[in-house]
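The two complexes that follow have chain A in common; it is paired with chain B in the first and with chain C in the second.
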Partner chain A sequence: MTTSTMGEMARPYLAAFRARFQLMLQYRTAALMGFATQCWWGAIRIMVFAAFYGVHAAAAPISLADAVTYVWLGQALLALLPWVADPEIGHAVRTGGVGYDRLRPVDAYGYWYARTLGWMIARAVPRAALMLLAAGIVLPLVGLEAWAWRPPSGLEAALLFVPAYVLMTALGAAVLMLANVIVAASLNERGVNAILTPLVIVFSGSLLPLDFFPDALRPFLHVQPFAGLVDIPFRIYFADLKGAAALQGLALQAGWTFVLVAFGRLAMERMMRRLEMQGG
Partner chain B sequence: MPQILVEALAKTYRVAERAPGLAGAVRGLVRRRWREVHALAGVSFSLEAGELLAFIGPNGAGKSTTVKILSGILRPTSGRVEVGGLVPWQDRVRHVARIGVVFGQRSQLWWDLPVIDGFDLLADIYRVEATRYRSRRDELVALLRLEPLLDQPVRQLSLGQRMRAEFAASLLHDPAILFLDEPTIGLDAPSKLAVREFVRRLNREQGVTVLLTTHDMHDVEALAERVIVIGQGRLLADGSVESLRASVLSERRLYIDFAAPAPELAIAGVTVRARSGRSLELAFDPSKIPAPSLIAAIATQHAVEDIHVDEPAIEEVITRFYDLHDAGES
Partner chain C sequence: MNGPLNSLALYGRYVATSLRAQAQYPAATLMLTAGHFAATAIEFLGVFALFNRFGAVGGWSFGEAALFYALVNIMFALADLLTRGFDVFGTDFVRTGNFDRLLLRPRSTVLQLIGHEVRLSRLGRLLQAFAVLVLATHLVPIAWDAASIALALWAVAGGVALFAGILVLQATLAFWTVESLEIVNVLTYGGVQAAQYPLNIYAAWFRRLLTFGVPLACVAYYPVVAILKRPDPLGAPDWLLPLTPLAGFAFLALSFLAWRAGLAHYASTGS
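Coming up: the complex of A and B.
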């Protein structure tokens, strides 16, 4: 297949992504408020870590400086975490807009996936940029270096973080697509979000690095799908996973993305079949 | 082979039924009873390329269900449908690339984006080649007078403006068939006229097959050579507007203004429909008493100031038709 026909194949999905991205970027106030909230939470979480390290520094699996960076990185990329279903899907189902989606000559899963991806990334970009500016540049400049966001641990870590970051986004969108399908089937996002939010926040390692959990749980925690959202990419950032271990981590992220996309496609097909039977 | 073929089309929905009140709601939690609703109960018709067909019928008759099945949104319970040789729900992606759809009550454009951005996105979604897209877009923009609206977000448009933009949006990929579900609903008179004029030109000049549903009988009179009436999921009539009128209500109306207060009239085969001051409205059957004889009979006995003959309004014909077939919404 030539590049131009591939471009032509991808054209509707890129358009769907672009439309959503462009629209979400308009919400400057939301981005600023999100940034403020994330600064606030980040500061609180860092104080909790500081208190813990003051008492039990020897028991901690990572250094305080790494824990601080872990918090800032997590806060910056919070919008990439699939912890709430895409509100546009719930809206489209309630208003019957899903019907129009069925009128488009595109793969239904790919079309939604592209839109959800656009939504995630457009929310993440301004928040991450502001967080980098505040925690990575302003904090060291004002002499609070100990509390600042530090760069990746070495060149290899930085280079490996790029694919890890891409995969965490792809995996996050795949998780969201499952949530979206359940929202579409149940016509309501509340139930889905009530389960999804704690599940993702805890099992991704966003709330607390997974290495802080009891030893017995860790073999399981490190391989479950949500680990690919925070735990794996962040450990690559800190060079805790390097060489073969880092590649294994990337493979795990890719594998889970593949499985969840396949599962999401099946679920979506069934849901669409039901919509076609019952009316939109 | 007709362009659209529909045979014995049936669609049954299952609707949860619950007893009223709190007790009923609680019972519904434990054991839910289902009721079957037959939205379509065996509808057959066919349509040749380039035809313009209007679907009419009371609310809940099955018009929208038909359009949704033909456009590939819904799957029927049974029956056969082929549109341009494709079964819509089996070959969805190829099918929808060849049709355009406008739902009068929904928008397919992006609410917060300028109209032109929405058009660009649709061109990408339908993979319309760039030069063809530009010429098609410019043609539609000119036909629908959209130039001044192009950089406005869709949410700022009036309903009439938005419908014009919706029409353009549904035609950018040059579909051979256009489905319109109540395209004039809620529009003011000039906008309705503009929509009708546009649909007529599209059909006559570009040969686009049009299937529209409507409640507005003026749409039907202005546009359709052929009309299908459905009620309670069944096809009640399929023919020209004239034949429909003749089959239901062949009577004519005579409106008379007298010089003096309206007199009592007793003419065989003529009934008085309305009376006010010096005016009378009469109904008569022209096959029993021709209009000239009736007018002569009245004018020779009374001083008449004004007189004219008319057909019953199309709304009345349709209402009568629904009554005859017991098709009104139950």
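Coming up: the complex of A and C.
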């Protein structure tokens, strides 16, 4: 296959991604509000960490500086976390708009995946940029280096974080696609979100870095799919995972992405065959 | 005819209607409640994991910290249950022009908004908070005598007033912004997040903000210290501790003053 036909084939998906991305970027007030909320949240998290580290820093699996970076990074990229199903999918299914999607001569899974990806990334980009400015640049400038978001720990960590970041996004969209399929089948997103949100927040490491949970749980926590959403990429960022361990982390992210995409495709095919049109 | 008894009866009918509506969908209501339970209980998992790894913080054991967590969650759950109308005021009432209808009715707008919807799913947070309260009682252990029960109820009342006050302020802002500003979540959800740990673990500027700005410490820290019968590590005198929840009521009163100013400013968006 030549590159031009490849480009031709990817075009509808890129267009779907771009349309959604540009639309979501319009919500500037929402982005500002989200940013302000996340600053506050991050500050509380960090103060709690600082209090506990003050008592017994030796018990912590990572240094306080790394924990602070972990918090800011997590707040900046919060919108990439697949904790609520894409609201547009539920809407399309309830109104019958999904009928148009069925008529398009594109792969249905790929089309939704591209749109969900655009939705996630467009919400994440402005918030991440503002957070980087505030926690990465302003905090050190005003003399609060100890509480700042630090750059990656060395060149190797920075280079490894690039694929880790790409994979955390791809994995997040794959998880969301599963949620989207369940929403489409059940016509109800509140139930799906009620289960998805706590699962993702705890097991991704968004609530706490996974190594803060009791040591006995580590073998399980480190191999489950959600670890690739926050814990693995962030630990690669500050070189808590390096060398072979980092590569293993990347492999875990890629493996789970592959499994969840395959499973999502299967589930979507079955759902689409039984889908009943709503609206009229 | 517009006396307090009549208002109370009317409020009762609002609640009954709302509950009946939710009872039509028992499975959905149960599921949402369970979801709310899980979504709020994970915060406690975080508290547990930190205490489990680091041990006591700020002089407080895990059991004692659990009491702080339980009470602030009970306060917020009750306030959240009672003030849904204020929470969605900007989006559902101002922007749509629906508020005009409320103004036409010969009853206070506050009563109508309080009665707007009583969401049973909010019992999820209340349930997990009570579960944590039982756990704290066993771990510390707390001997609940009449005085400490009264103090807890008094603190919870003050806390409900404070959170309700924050939500009334959020609604008041909507008179100008025509939207429910989610930024207020930093005071409600963010306030719960902050106050579920004992206040003395925080930096001084943050403690001052939570005492004199938004007086969360007055409802969720000082009275709890008194219930635990401990001297305040921050040095507040013992006699002052049980009086602090008054600040919650003062905050609510100020919020209603702002609400009345907003009401005078209101211009309908309806067509």
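Methods note: the second predicted complex is superposed on the first by the 275 of 280 C-alpha atoms of A that agree within 3 Å, B and C clash if a C-alpha of one lies under 4 Å from a C-alpha of the other, contacts with A are read in each partner's own complex, and residues count from 1 in each chain.
Definition applied: a residue touches a chain if its C-beta (ideal position, glycine included) is under 8 Å from a C-beta of that chain, and two chains touch if they have at least 3 such contacts.
Bear in mind that the values here come from a model prediction, so they are computed numbers and not experimental data.
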Partners on chain A (chain B, chain C) - clash or fit: fit
Which of chain B and chain C A:Phe212 touches, first, second, both or neither: second
Touched partner set for A:Ala15, first chain B, second chain C, both or neither: first
Partner chain in contact with A:Ala51 - chain B first, chain C second, else both or neither: second
Partner chain(s) touched by A:Gln278 [first = chain B, second = chain C, both, neither]: first
Partner chain(s) touched by A:Ala129 [first = chain B, second = chain C, both, neither]: neither
First, second, both or neither for A:Val202, with chain B first and chain C second: second
Once both complexes are placed on the shared chain, angle at chain A toward chain B and chain C, C-alpha, multiple of 10 degrees: 90
Distance of closest approach, chain C and chain B, by C-alpha atoms in Å: 7
Interface residues of chain A shared between complexes with chain B and chain C: none
Of chain A, residues touching chain C in the complex: 33, 36-37, 40-41, 43-44, 47-48, 50-56, 59-60, 188, 190-191, 193-195, 197-198, 201-202, 207-208, 212-214
Touching residues (chain side chain C, partner chain A) in the complex: 28, 31-32, 34-36, 38-39, 41-43, 45-46, 49-50, 52-58, 181-183, 185-186, 190, 193-194, 197, 201-203, 206
Chain A to chain B touching residues, read off their complex: 8, 11-12, 14-16, 18-19, 22-23, 26, 95-97, 99-100, 102-107, 273, 276-280
Contact footprint of chain A on chain B as seen in their complex: 13-14, 65, 68, 71-75, 89, 92-94, 96-97, 99, 101, 103, 106, 108, 110, 112-113, 117, 120-121, 124-127
